[in-house]
Every structure is written in C-alpha cells, then in structure tokens.
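Read through the structures below before going on.
Same chain, two partners: chain A is paired with chain B first, then with chain C.
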Partner chain A sequence: MSKVKVNVCMGTTCFVMGGSNLQELMEIVPKKYGDKVEVTGSPCLGLCSINWEYSKAPYVKVNDETVVEATVEKVLEAIDKEVEKLN
Partner chain B sequence: MFIDIDVSQQKKYNQNAYGDYFVSKRFPETGRLLAVLSDGLGSGIKANILACMTATMLLKFMEEGTSIKKSCETIMNSLPVCQVRKISYSTFSALDCDEFGNAKIVEEGNPQFLWVRNGKILEPDFEVLTSKEFPNRHMHIYHLKLQTNDRLIFCSDGVTQSALGSKNLRLGLRREGLIEIVKNELSKEPDISSSNLAKRIVKQAILNEPDRLPKDDVSAVCVYYREPRNSVVFTGPPYHQEKDSFYAKALMDFKGKKAIAGGTTANLISRELNIPIRTSVNLNMGKLPAISYMDGIDLVTEGILTLTKTCEYLDTDEFQNDAAGELANFMKDTDCITFMVGAKLNQAHYDPNLPIEIEIRKNIIKKLSDILQNKYFKKVNVQYM
Partner chain C sequence: MNNNGQAIHLKKEILIRLIKAFYTEDFEENTRLIPYDMRPTGAEVPYRCCIYKERAILKDRTIAGLGFQIEEDDERISLTTYAKKALERTEIDNKNLTVLQAACKGCVPSQIHVTELCQGCIARPCQQACKFGAITVKDGKSHIDGSKCKKCKMCLNACPYNAIVKITVPCEDACPVGAIEKDEQSLARIDFDKCINCGRCISACPFGAVHEKSQIIDILKALKSDKKVIALIAPSIAGQFPGNIYQLKTAIMKSGFDDVYEVAQGADITAQNEAKEFAERMESGESFMTTSCCAGYNQLIKKHLPEIKPYVSDTKTPLYYIAEHVKQLYPDAVTVFVSPCVAKRAEGFENENVNFVMSFEELGALFVAKKIEILNLEETPFEKESSKQGRNFGITGGVAQAVKKSSKDEQAVNSMILSGLNKDSIRKLKTYAKNGTCENGCNLIEVMCCDGGCISGNATLNNVKTASKLINQLTEKSDDIKRIK
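Moving on, here comes the complex of A and B:
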C-alpha cells in the first residue's frame, strides 16, 4: 500500500515564519489517518531561496504538492486530497 | 599537546565576594598560556580588590614581554604591608607555559603546587629569591619540562588549611591531605578534566570542615597536558558551488568530532557524500528545530537560530535541553574547534517581514569564537569557504 508522504521544512525561514507551530501534525496525523500518512521533518526543502523576494514560508510537501504559508489546517486539507486519490 | 586549564572557587562563608582571584590568557598563535592565582589578605571585598590587582597586573606584565621572574619580583617588591597584621597584602602563584611542555612557575606565599605524573607526585628543584625590600618575602622559581598526561595543581591556602583546628584535622588538610585527594580522584578517573578535578578538590576541602562552611576563600586551579580533542562545525554552503564536494570531503576527512549547523548545509553534505539524513520524531525541540542524524556526523542542527541560541547559552553557561544545548555541550567538550563557515547567503533570511531578526552568520561565528576563547579557553580556528 502506498502512503501519503508529508515533509515539513524545518529550515530557518520556515521555522520562524510559522513552521514551529506545525509540531501538532506529529500528533494529529497518526490519530486521524493511522499509518496511511507519514509525517517527517526535512532539514530544509530549499524552497525559500528560489523565489526569495516573494517567499511563502513555511513550506510543507504533501507528496509532490507544495503547501505554501502552511498551517495545520492547510496541511490537513492537502492530506485529505491525497488520501482521496489513494482510495 | 593541549593545555586544559580550569579553576574552581568558593568564597568564605558570610562573604559576598571572592578573596582569591584567578586570571588566565591563552595565545593560540604561539601556544603560550599565562595564568595567575592570587590570594588577597583577609576576605570579602578588600581581599577581592587586592587579589584582583595583583593577578591582573602580573598577567599584564608577563603579557607585555617582561620575564616571569622579573614580573614577579617587581610585584613582590612593591606589594604593600598591612599596617595591622604586618604581612603582605596578597600572595600569588604565576604560571607561564606553552604547548611544548615548557613551564615556568613562580610562587610567593601560596601553598606549593603539585606536579603529578603517572599518579605520582614529582618534587622539582627550585630557586629561591628573597626580596631586597622585604626580607620575609621569598619567591620560589621552577623550570619544568612537562609531558603528555602531566598535571599541575595550584591552590590557595583555603584548601591546605581547610578544617584547621577541627578534631580530625587539627593542622588542617595540609599538602599531604591534598595529595591524597588528588591521588584518590585520579585513581577513580585517570582522565578527569581539569574542570572536574578542580571542583572536586574544592568540594572535598569544604566537606572537611566540621560544619561544611568554608572558613577562608578556597580556590583550586588544575592544569592538564593532554592530546587535544578536536572538533569541526560546518555551517553554511560554500560561496562557490563547484567547491561543495571539496569541502564536504574535507569535513569527512577531519580527524575529530563533527557537527553540521544548517538545513541547506546538511542537505549539501548528504548529496555530496551520499549519506541519508534521518530526522527525529519531533519537528521541534524546545523553541528550536529538532536535531537530525547522519552517519559519520556527531550532530546535525538547524543553522542561524541554533547558533544564536548556542552563543547565548555559552555566554551565560546555562544550557537548555534543545539543539543549541547539544551544540553548546559539543563545543564545551572539545579543546580545539574549527569552524568551516560557508559565505553563501540565503536572501530569504533578510526579508524584513521575518518576525525574528536573523543575524549574519559571520557575526555569530565571530561572537561564538570570542566566547569560546575568552570564557572557555578553547582554541578556535575559523575558515571561510
């Protein structure tokens, strides 16, 4: 069974722009989706430096989709979409 | 050889200032180290001022290039005499040594130092120089050639005279008692750090007192000659991207403990050396991003925020249980720290909308290396890339 992979950027920009509030995902996601979804941190996704003038940190990757200005709600929404694709 | 030096002190009970004073200065370019321990007459503020003046003046003389003998002689001849007690205002021990094992020591009034080699106490010869102005003042001058694993232990009379007049130690701990404590500690832990040995000597001296209250200022300075423990902190991507692999290899070839501070930096090393990064189960650790793991690297943390916090922790010597605390301990546990600092900027860090002011990497490293050198007596090399 393939899994939905969530990758949270823990780099400097993302962390100060709100990434520090995404810790909740580590508790909510396993409760809500069981082992269908896997959340991990990444030292840096490298997205803030690409379009730095208009950086939309914090970034989270849900499979290949990038969630910009991520909040717990936005990430859960993106996960829902990907989980639906699985079904 | 690396000279591991540290001091531990306790003030006399009921006093709010230390009456003993210790200063030391390391010269990384020449491998020279100067240190002075001075004991001021009496206790409290008065003693503190006397000891502080003696120690700092003596260190300054030696630093300016005056020989240790001449510097000490000048101080010995110029120290005033207390009008009430008719004794010198302060006593001192001065050390001028280098990483090649050459050491010159001068003592005036302080208890004789201990020289320990392979658990045995060596008794070196010394020259006595009597003051022309004050015939009751004598300097003892020693020239030693130290080897790896040798230790020197200096203390104020607060250690050797601890428990003076008590039932068990009528004459105080004395030199014999101090030797016993040192031998005992070394048999339990032969490679004990200077910092811990000094702490234990002071603690034991105070425990000897029947009421556990120090009756005088108690200080112990330990010097330990050992092979240096090296570490490297790699932070920031190199300015020229084509040099990434060169520097990644240099990191892996480094002999010693290795840390990476920076998300992009960790990715770069992972990519160049093909070592996967494993993150921890949490995203945060306290108020900082959590640490990650890579085979062959002892510590992987986020960059700027963690380094800034590490700097703060080292400055106050109070560590929290987070990534910066780990990095601070990593640095504290080694003698020679090399910083490999990448000069590439991440423009996104300088966005004025960022809620936290993010410092320039070079500035943090400068601050960190100053603290490590001046407060923790570490040898620091900074390499920009």
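Moving on, here comes the complex of A and C:
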C-alpha cells in the first residue's frame, strides 16, 4: 500500500516563522490517519533559500505538494486531498 | 505566544529585512526600500484597501523595528532618516511599546451598542434598567447616548431579545491596569505612567498594531564593534528553537556574540537566596511572602500595588545575579539579555549591568538573516551547568518549586501559584496585602505576569505545550538544585 508522506520542516527559518506550532502534527496525524500517512520532521528542506525565502515559511511537504505559510489546518487539508487520491 | 498569526509573521519579516539591510553596503537605502520590497508594484494587496496603505503600515512597523516611537512619526520623514538616526543613537529610552497609527484606526471604540435586533418593544426594559438616563426610544428603536452611558451593561442584561451588545477593544480589554485607551481620534494611546509592560496588548490586538520598540540596531552595532558582547539567555528559551541549548549557544556565537550564559545559573542563586529569606521571614512571624523575579509583577508593585511591597521577597532576579557575575568577569563587555517578554526591557533598562534586551523573536530573525541552521551545529558547553529547578523557572510553578527544593525544611513551604496578572488576580493580591494573610494557610505566593509563566511571554516563538515538552527534555537530564554550589 502506498502512503502519503508528510515532511514538516524543522529548520531554523521555518521554526522561527511559525513552524514551531507544526510539531503538533506529529501527534495529530497518526491519530487521525493511522498508517495511511507517514509524518516526519526534518532539518531545512532547502525551500527557504529559493523563491520566497523566509517570506512564505514555514514550509511542509505533503507528497510532492509544498504547503506554504503552513498551519496545522492547511496541512491537514492537503493531507485529506492526497488521502482521497489513494482511494 | 502571540496568536495573531499573519501580523506576527509580518513583524518578524521586517526584523529579518532590517538585519539583512544592516549588513549591506547601504543600510539606509535598503531600509527605505523595505515596504517596497515587501509590496512591489503589482503585488497582491492581502490586507488593506490599496498598496499605498499597506506600504504606509509597513513603514510604521519598520520604524518600531528601528527603535522609534511610531506615535511621534512625521509622515514627511523617510525611513532613510530614521535608519540614519538609529545608527547615530547612543542611548535607548524606557518607552518600550508603540502603537501603529494607521492600523489602529480601524477598530471601533468600546461602547454599548443597540443592534438591528431591537424590536422597539413596549415594555422597554432597557430604558428602565438604565440608571443614567442614557436610553431613549426613537423611531421604534432604542438609542444610547454615549455621553451619559457608563457601560454598566444593565440594559444589555435586561433586553429579552439579546439585542444590545458590548463592543470591546481587544487591547483595552486585555490590559490589566487600564493603561491603554482609545483617544478622540480613535487611536490607542498607552499611558506609560500606568503601563507595567506586561505585553498583553501586543498579543491581544488582532491587527498586530502594538509593537515592541526594538533595540536590534543597537545590538547589531555592538556586535560589529570590537567590544566583547555576551548574551544572557532566559531559562524559557530552551523550548523556543530547534535543537538543544548547547547547539543554541553555538548558533548565538555564530551570529556574532562572544559568549553565552544561561540565566538559569542566576535562577539557582535566586532560588537559594529566596529559600533562606523565606525561612527568616517565617521565623520572625510573617505570614506570607511573594516571589520577586517577574518583571511585569515588579512594575505592578511599583505603579499600582505598593501595599504588597512588604510581603515581596527582597531577593534579586536571576537576570540580576547573572549580569552581575558576567560584569565582574568582563567589566567592559556589552551584555544582552535574550527575553521572552517586553517586561524585561523595563528591568534591563533599570539595571546598569544589562546593556540591551533582545526578544526571542529578534534572535530568531537574526538566525534567519544569517542563515544559521541550528540543527546542523555542534554543541558548546556553558561555564556552569544549571540545575533542573533553575532551568524550570520559566514554567508556571517552577519558581515556587525551586524555592521549596532549596529550603532546609521543604514541608514548611506551602505555596500558591498566581499565574497570569489580570483584574482578578490583582484584586486577590490587594486583599492579601490588606489582610496581611494569604488564603488556605499558604505562605509562599509565586506571581507570574503571563498565564503559564514566561513560556507564554509576548515574544515567544513556540506554543506553551511544545515549549514545556522541550524544557522537560532538558530538565530531566539536569542536576537537582541541592547539588549546585
């Protein structure tokens, strides 16, 4: 079974720009989606050195989608869309 | 932590841009360009009526970042001039907050308002309920005469249709001491004689219109000079950045500081001294003592609650002890306290051993501007390891616990926690001072200005839940205060 992969950026820029709040995803996501979704935190994803730099941080990757100015709600929404595709 | 998401994002973005501009060839010109770089021609206008208004507000925010009072802004002065003045400035003042004029105007002054739901009923309970004769009925609807209304809300409670509402102003509502009010021009004004620098208005305003006046330029100037610059980091910082505090120390040094001390080291001294003082006071027959390390609380005592002073511990704050220690080691060094809240700016201003105060937000902005990736850094040890309890000072209950654990007779300490200064808790303190006793046989009151302790200070970067978790990870591995010499 393929899984939805969520990668939450815990790099300095993302963390400072509001990513600290996204750590909650580590608890919420497994509870909500079980093993359909795999969530990990990672050091700088490299997105803050291209395009919008810090101005649209924090960034989260949901499969190939990049969620910009990420909030818990926005990420969950993006996950929902990807989960839908699985079915 | 500040919950007005987008506004706080803007504030941080401006700080990052200012710091970046500082390190360019032409600081003044690059500062002038900040509003234009953030809203270039043709950009979308996310919040305001037009791009010009957005830029005007961004200019105001930049003025606060440069460390000036927005209220005193003359629109004709350009950011270039402000940037120049910031570079030339050699002193800072003690007005730590400033209100964004252009953003503030939008919000309606607090009042009791009759809504469309008014049915113009015959019984007119609102009119009867009003003791001040402020309500008349015109064209089948109740009207309130603002000049007579005392905002007692009697009419609001009397209306059977719930047609009357109270319109609140978030900053006014949040202020525990009535220091902020909308003036005739509908602009919020801070009365600095009353203000205790608690920072609640900053967190409460949905427009992000209240700013801390930053000292970042002064700090960057110190970093650029050949003076030794030493960062003193508040205990609550342990939950605010990725990585651990030893990596954080490396990051701070990489960003230009010469050394970093944990204020928790000073917290250990505070706890030990306060435990001794507590025992002495109890022995001499006093009934209770309050802690004294919260800067917001100290301002409250000074400006609004002098009657509690005899019950307040005379022990100095953690910042006091560590700053004294560092200045003894390096008398010529510049000390920068890295703080979770604006209240500590007031304490820093009054303490000659503290040169500047920098918020967690500002330190974060410095890391971003300098592209410092904390998770990739090595660890650097501190001069001295602090205790579990000292490192826990920033979480509500932590100070009382530290005093208890430092006491010879732990059982003698019966503590009570006042977490969050609001009208209610201030009233309680007043009563204790008046009666000379506390409730339920309690003899030690820990007072924290912010709900939850320093980890919910106005300039924190993390939410309380994850921040406490990260601090716990550190304290689990730290020594007990009894073993600290």
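By our rule, the second predicted complex is superposed on the first by the 84 of 87 C-alpha atoms of A that agree within 3 Å, B and C clash if a C-alpha of one lies under 4 Å from a C-alpha of the other, contacts with A are read in each partner's own complex, and residues count from 1 in each chain.
Rule of thumb we're sticking to: contacts are C-beta pairs under 8 Å (C-beta built on N, C-alpha and C of every residue); 3 or more make two chains touch, one makes a residue touch a chain.
Keep in mind that this is a model prediction, so the values were computed, not measured.
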| item | value |
| --- | --- |
| Room on chain A for both chain B and chain C (clash or fit) | clash |
| Dominant contact partner of chain A by residue count, chain C or chain B | B |
| Which of chain B and chain C A:69 touches, first, second, both or neither | second |
| Contacts of A:23 with chain B and chain C, given as first, second, both or neither | both |
| Partner chain(s) touched by A:11 [first = chain B, second = chain C, both, neither] | both |
| Chain B versus chain C as contact partner of A:83, first or second or both or neither | neither |
| Which of chain B and chain C A:40 touches, first, second, both or neither | first |
| Contacts of A:55 with chain B and chain C, given as first, second, both or neither | both |
| Overlap of the chain B and chain C footprints on chain A, listed as residue numbers | 10-13, 15-17, 20, 23, 43-44, 48-49, 55 |
| Residues of chain A defined as touching chain C within the complex | 10-13, 15-18, 20-21, 23-24, 43-44, 48-49, 54-55, 69, 71 |
| Of all residues in chain C, those that touch chain A in their complex | 5, 8-9, 12-13, 16, 38, 240-242, 251, 361, 364-365, 367-368, 371-376, 461-463, 465-467 |
| Contacting residues of chain A [partner chain B, same complex] | 8-13, 15-17, 19-20, 22-23, 25-26, 40-44, 46, 48-49, 52-53, 55, 57 |
| Sites on chain B touched by chain A in the complex | 262-264, 266-267, 277, 279-284, 287-290, 292, 300, 302-305, 346-349, 351, 354-356, 358 |
